[in-house]
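The data blocks that follow each hold one structure.
In the two complexes below, chain A is the common chain; its partner is chain B in one and chain C in the other.
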Partner chain A sequence: MKYEIQALAPGASRIVLVGRADAAGVDLIETSLSAQLRATEGNVVIDLTEVPFMGSLGIRMLITLARLTARRSARIAMTGVQPQVLEVFDTMALLDLIPHAPDTEAALALVAG
Partner chain B sequence: MSERDDGTETERTMIIRAAVPTGPVDGTLVHALVQEADGTPIQRHPLDGTTLVVGRVAPAAIVLEGSAVSRRHCMLDRAGDQVTLMDLGSTNGTFVDGQRIQEPVVLADGARIQVGPHTLRYERRRREEAHAAASLASDIAKARAYVNALLPPPITEGPVRAAWTFQPSASLGGDAFGYQRDGDWFSAYILDVSGHGVGAAMHSVSIMNVMRQRALPGTDPHEPASVLGALNDMFDMDKHHGMYFTMWYGVLNIPTRRLSYATGGHHPALLQVAAGGAAQALPGRGAGIGTMPGFRYRTATVDLPADARLHLFSDGAVELAEDVREPWGMPEVTAALCGPGDWTLGPERLYQRVRALSGQRPLDDDFSVITLQLG
Partner chain C sequence: MKPAAGALHLALALDLPALSAAQRQLGDFLAAGGCPPDVCFRVELVVEEAMMNVIRHAEPMGATRAALDAHCVDGRALVAVEDDGPEFNPLQAAQRPIAGAIAGAHEGGFGLHLIRGNSDAARYARTQAGTNRLEMEFTTRPRKGGTDPSI
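Presenting the complex of A and B:
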């Protein structure tokens, strides 16, 4: 698994995740991504277009990102969630914590409030 | 006990740590065959000498039982750091990673040798790594035994009977489950802690003990939403090393056959209303336990028919390794679990199907399936 943090708009960044978010995949990026997010300011949009599988550790990583973002009074949203992953998120009520938008523009609007 | 400067006595606990070797790293490689059962290491055989014979009877160095094992089945030959496996003309053959060997084969680290029904994994490690791995394996074995000791026995008689299969993965996946009868009530749960290893297993043990002792203050155990809410408060992931868990919890009123249940991000239970018949998932939605402080869980109810059957399961039953090409999802799980035949064998039938699809490799996650049969 890999990730990239991109400047999306003034006061907002996009985290693009790529690969299966299983135990092995998450282990590769979790520490580094959390550290980078701590050093990033503003709202966050997570792009999951290229994540075909989300295991329990992947979900834990997303929750951690949400908590880190909330601690600095910023907002977070997701976009590009594949249907099979969205089903898992719905079962876990994860969308209550990190709302989902159909595209990046809509996600930006969500985090802008 | 020690005395402070002001004359009062204090208790002091001294933590004594084992000395950590600080000398130069020993580059010596150690070789071993690790015997596995259902993907779980059960015995380690060091390859200390230059040759080692595997067979059904002594003087073979590794004696394996079974009619499919020849008296002298195969032999390993070590030259330096290279280990070669050869078949000794056995009746049923020797297999390496699923392929029958026709001539001597140099083994790669991690190669799986099949001798009759037995699996031996070849392991090559630096001496320090071997010691660390053995120590970790010992810790995992103890944790596995602890979890196993807390699981309830199957129930063969009464208004609610129970059968289950639990196969922890080699690294322990944090699965746990339980059930108990309390007069006219029967409660059951299954949970899956995020992550793997001894930490996840010990977290599941903590939760099991809370459930067994009903140690949720001010909570009605017959009200599933309040049970999950109390667990959510008690096990906030920020206070438990980032670990959360998913859980399904249900309570059946036996005389009325009304089932109340709630879910904390767990797979829905499957309700089968007739033997050999179709099954339907019981809908449910709720935050993983410990992920969202103050989350309000909801209790759902369903009236069960007299001969209803309820199936609970964990990730290991539905999520197979990435390289398994055959389709596997809820329809396939349901077909394996709810097929005709002895209902008590459903969980094991599903496990064997998962193992076959995974090429008999160790599973990446714990496999837990419980079937509850009414009537």
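Presenting the complex of A and C:
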């Protein structure tokens, strides 16, 4: 699994995740991604367009990212969530923590409040 | 659950690469057996959660091995995860609202949300052989509810 953090707009960054977010995949990136997010300012949009599978460690990682973002009084949203992943998020009530938008512009609007 | 034709039995090393490889093998097996994609997805997710309990909590307390059994019947997946660690029933863990997680107060109870929310039935037994055995059933019917506790 890989990730990239991109400047998206003034005061907002995008985290692009790529690959299966299974146990080994998440273990590869979680520590470094959390550290980079701590050093990033502003709101966050997580792009999951290229994540076909999200396991329990992946969901926990998303909660960690939401927690880190909330601690600096910023907002977080997701976009590009594939249908099966979205169904699981809905079942878990994860969308109550991290709202989902159908595209990047809508996600930016969500985090802008 | 004995290995049989049309059944998958995997002995699992207690580490993440082995778990990921098993998840892929399990998903491929269920898909080949006729389980729909949503069932395969939820099985992989729940098995990851069950095995992470073993790797992170049971292995440091003496667990040495785990096994995974699966078969697919009429589009339903029947899956069992077994380990030789200390007695632990994941279905009796405290379940708290997930919304509390963002405040950083806890992550406890999250695993139970995952297992109950994504399986259609689940039961735990401490076997006579001294192993923990978690059996789960997954169906493709549209639903938003949790586990049927009646099995």
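FYI, the second predicted complex is superposed on the first by the 113 of 113 C-alpha atoms of A that agree within 3 Å, B and C clash if a C-alpha of one lies under 4 Å from a C-alpha of the other, contacts with A are read in each partner's own complex, and residues count from 1 in each chain.
We adopt the following convention: a residue touches a chain if its C-beta (ideal position, glycine included) is under 8 Å from a C-beta of that chain, and two chains touch if they have at least 3 such contacts.
Not measured: the values here are computed from a predicted model.
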{"item": "Combined model on chain A: chain C and chain B, fit or clash", "value": "clash"}
{"item": "Contacts of A:Lys2 with chain B and chain C, given as first, second, both or neither", "value": "neither"}
{"item": "First (chain B), second (chain C), both or neither touched by A:Asp22", "value": "both"}
{"item": "Partner chain(s) touched by A:Ala70 [first = chain B, second = chain C, both, neither]", "value": "second"}
{"item": "Partner chain(s) touched by A:Arg38 [first = chain B, second = chain C, both, neither]", "value": "neither"}
{"item": "Which of chain B and chain C A:Glu87 touches, first, second, both or neither", "value": "second"}
{"item": "Chain B versus chain C as contact partner of A:Met54, first or second or both or neither", "value": "second"}
{"item": "Of chain C and chain B, partner touching more chain A residues", "value": "C"}
{"item": "Chain A positions touched by chain B in one structure and by chain C in the second", "value": "20, 22-23, 53, 55-57, 59-60, 63, 67, 90-94, 96-97"}
{"item": "Complex interface listing, chain A residues touching chain C", "value": "20, 22-25, 27, 53-57, 59-60, 63, 66-67, 70-71, 84, 87-88, 90-94, 96-97"}
{"item": "Residue numbers on chain B that touch chain A, as the complex places them", "value": "192, 194-196, 237-238, 242-244, 246, 263, 265-268, 284-288, 291-292, 295, 315, 319, 322, 364"}
{"item": "Residues of chain A that touch chain B when the two form their complex", "value": "20, 22-23, 53, 55-57, 59-60, 63-64, 67, 90-94, 96-97"}
{"item": "Chain C to chain A touching residues, read off their complex", "value": "16-17, 19-20, 23, 37-38, 41-42, 44-46, 48-49, 51-52, 97-99, 101-104, 107, 110-111, 113-114, 117-118, 144"}
